[in-house]
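Shown next, in structure tokens, is the structure this report addresses.
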């Protein structure tokens, strides 16, 4: 199914900002908020994982139901998971399209990657564990 | 006088080159042509083969041909007053900035800010142009003021932003916010456009295709026939006390 | 021991009433702080020593080695990029700007990916604003547009708006009205007197409609705008015009949406228009505690608030060309120094791919996502906890950050100064 | 210690009573001394005009508002860019240059001291940060008190001493130099989008009139024995017919200080307008100048307008909004809680615009009609009337009737009917100019005793040497030479060091910040006053303990402690 993805700041994301490699930060930034009707359409339940794909990449996220967003839109906290599917084109304004990203969402059994995993996918090297 | 500049391959092809001295004027005045490559200044000949043929008694007798990969060569033709520049392939940002005379013809595509703050002369781009084609500078209140720009392909966002004069023709589509803050001049878009003429205060814009996400604060003035087609005539932007004319064949609002 | 009135080094609210309890040079308790600030004051994890990547593995190095390597990387670069800055003090930012000037670098801050559009808009139409205390004392109408103070600036409402006591406000609970415009029915929306749920891309169109209405030109506006009923917009326009003092706060919902700075420009022009009827101000909800400080510092030193290119020996500014995302997307930088921010966690994938492919150095107290992208990381004191200096609040009020605990770690200012000195030495050695 | 001997200098030093004497000046360390040491570096001035370093008693170069002027104007920034050169950092900006730009360009004009005209106390730290990067001039900051709630409440209660105590605490806290009132009452009214149109109108939120605020501030100023007088930006700036308000204001000023004026009224050009609207707008420089001529207790500065682009910036928020409505261009406003306001808009003064032409004439008329140059100082209210780089042209206009006439030919043709300028024959001489650009400022600011504005032994060695031989130039006819000569010094010397040579800053320099600290008895120490504390506790958005500007921001500084009558 096609959705519009919006990203923004959240309290949990903010409070783990100094601990970007923690489980808490991973949880806070890899949760996809989605309307219950849309979950129903996808045939999954809150907490199930989905593969989210834009024209810039794809990433596995965990769903969480919400009524605070309109159907057809999904919401995610700012962070490395959102960025895995965000493009670097800015329309020559300097600001990438963090909001209003067109994505395809389908259920998956694949695991949610860690932040280190994501960094290694772009050519980085994890430090410590 | 014919000048041929052929850019060679570079070790790091991603570092942009700033070449504001590539103008008929600089060659006419026999200037030493230096360009910026990253944070270093180098002689043009370090990056390109330069061939000069013949003489010129005025700037208008100078023709520059640019070959090789010039997609990251910026500011070509800046402040040019006459003569001609032909680019065989693509050209980098800010081509024809502030130009007041002469002609630039690009056989490939142009990157952003093509003809920024242009005052006169002519630019023809045979493929696409990037964002801010025929626009102004940051914070500037007047964009293109005179001359003409014709793009045979499509253009990016913020095309003709702040335009205050001159004539622009886009044969393909535009991105979002074409003709934003338009103050004067004439813009013709033969394809489709989005949120066109937002906040315009003056000038005239024709859209032969479809204007999607029309700004909701334009006054409908009926329809007119033009060039064999029926156009909806809008006046605005009312939100900005504007008095510009927007003519479009089709339009839709965001619902 | 307790230290009072400590400014919080987290968000742009820069709350300066925090009490910090100390035992043996360790913070054991924090009062008055929100969840976000609390987490920062009480944070324990940090990088203990400089690290460098060698043959794909991390090794520990001395500060001198790390600084040497950084100086070498920056000296060799043709298009070095100095990025970050929002999590450090003005005094360190000054050194950064001098460094950029000296080596012909590009310098940009996190502004580029948060309120850059606000600045572009301000540069087109100006900015009718005020300090936060002015809102606290006078505003009888507060508009939160595309921002969510409860999540991003948790004490904004209690210190400056909805729940704050004010000189001209008898009863803050009843005398202040709140309008929320957001794409999500956020917690803030639930307490609003009027909530406009806007469609993606709809902000600009709604702002235009409101401007026309404030001008008394309701008749041009169609019956619904971007899915919002005209009658609701009329109600909102009316509330705005009837206010004695209205204050608009806007956030990333406006700046990051399609159209970017045009959205902000339209919001500013609505506020300017409203000033013909009553008093109105507009303010950006700036994120990092000193993101505004970098804009101030770079402006007085180079003339522009962010995204400056010094490569030609003068300051050139053109966001979209000289801004960090565009530069990385086009693979221009051949070296990068990251100071006090975490682009690894905040930049689109393709851009950090390029960072990982060039020599990148990070100056930061903690291991973060960017660590993985670096060749070198130099740990430093935590600004505002372990080192003092100047920060600018989201409204431009400068506040001196405090040092509340002693540390062995050098400050980022010291490290930057040592890098500059080392580069000069290398140059004079030829 | 550096020692310099300036030989054969053509010296005009009005404070010392020297007018055009060719003499030697000896410098040792940072001071001027009687006798040169034999080790001195000798500079042969060859009869070049040598003046004390220039002092700008009202300019906007540093702080929140100025920086916002830069921030919002990339088109102005790109109009004045220079690259790194020797000790000089890059600079940007034409009408609002970067801090280094201000410092280098002022130094090239021979200026060694600058008074920032309007510092919001809450944001003082910012001003001091920029002072740090203004290396070639000493800095002074006028602190804004026009809407200071603590002070206004004390005035409401008729308690001048308490008002003085609050001013003393605030000046000390923010390291300010003098009391600045900008549109008193008006900036407070602007908090709710209103303004004040008359000095006798009660302001909406306090039971006070502007006249009462001004009179109260003058009394408080003298109770504190501050070096400078109250520094006033009158109400109704820029409004047709405002000259009566200006004259009315001057009428309220008592003569209470025998060393200097009791009121410094700034940029009076903007306050000398006749007419009932823009249609019959005209100059009222004559009655305003007459008023000044009759009242030695008043000193004004010109606020000269020059044609071209610039940026207007002032604490006068409502006035800037009016300008915005006229121009419909970009507009910034920044109210500062419990204290003041501010606004910024770009403008372009055009010769072909009648109002602009009249404004241009009025500034010159004031300088020519005020008899004593000590009472009318040269400013453009930089950058409001014009960027300070226009000073040489203004000097030439004042010295040459011929130049004025030539310029007058180019302005709007109806100007002649609205202004007295064409009929004014007066041409100022070298001495007048020296008074209007340094000596008068030093006296008005009360800093002669600190060694400013003169060249007698013991004075600070702040000296400007211009490539002008006064005996060989007829300023009246050769005005081009005046412009060139004042545009770039041969040498600018600051604290005994050559800081600028033919337009280039040649050392990094280091400036001194001058600030005042009135000695207040314990009973009047607001630090421990519970009512005053409550003002912070309840209404400010920063804590009282975080308000004062720490010593870290000052570096080299000179604290002027004053005895008080509290």
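A few points about this structure:
In this document, chain identifiers A, B, C and D correspond to the written order of the chains, with residue numbering beginning at 1 in each.
Convention: a contact is a pair of C-beta atoms (placed from the backbone, for glycine too) under 8 Å apart; a residue touches a chain by one contact, two chains touch by 3 or more.
All values reported here derive from a predicted model rather than from experimental measurement.
Innermost chain of the displayed assembly, by C-alpha centre distance to the whole-protein C-alpha centre, is C. Greatest Cα centroid separation from chain B: this falls to D.
By count of C-beta pairs in contact, C-D exceeds the other of the chain pairs B-C and C-D.
One simple way to say how far apart two chains are is to compare their mean CA positions; for chain B and chain C this gives 33 Å.
Centroid to centroid, with C-alpha atoms defining each point, chain A and chain B lie 38 Å apart. Centroid to centroid, with C-alpha atoms defining each point, chain A and chain C lie 22 Å apart. Multi-chain contact residues of chain D, defined as those touching 2 or more other chains: 72-74, 78, 330. Multi-chain contact residues of chain C (touching two or more other chains) are listed as 120, 123-124, 199, 201, 258, 310, 312, 317, 319-321. Chain contacts: chain A has residues 91-92 touching two or more partner chains.
If the chains shown are joined wherever they touch, the resulting network has some other arrangement, not a path, ring, star or complete graph. Inter-chain contacts, as defined above, occur between A-B, A-C, B-C, B-D, C-D. By the touch rule above, chain B contacts chain C in their complex via residues 12, 14-16, 18, 36-40, 93, 112-113, 131-132, 137-139, 141, 176-177, 180-181, 195, 198-199, 213, 215-219, 236-241, 253-255. Contacts from chain A toward chain C in the complex involve residues 4, 6-11, 14-21, 29, 56-57, 67-70, 73, 75, 78-80, 83-100, 115-116, 118-128.
By the touch rule above, chain B contacts chain D in their complex via residues 137-141, 241.
Contact residues of chain D toward chain C in the complex are 62, 64, 67-68, 70-74, 77-78, 81-84, 89-93, 97-101, 122-123, 125-126, 129-130, 133, 190-193, 205, 321, 324-325, 330-338, 344-345, 538-543, 545-546, 550, 552.
The part of chain D that touches chain B in the complex is made up of residues 72-75, 78, 328-330.
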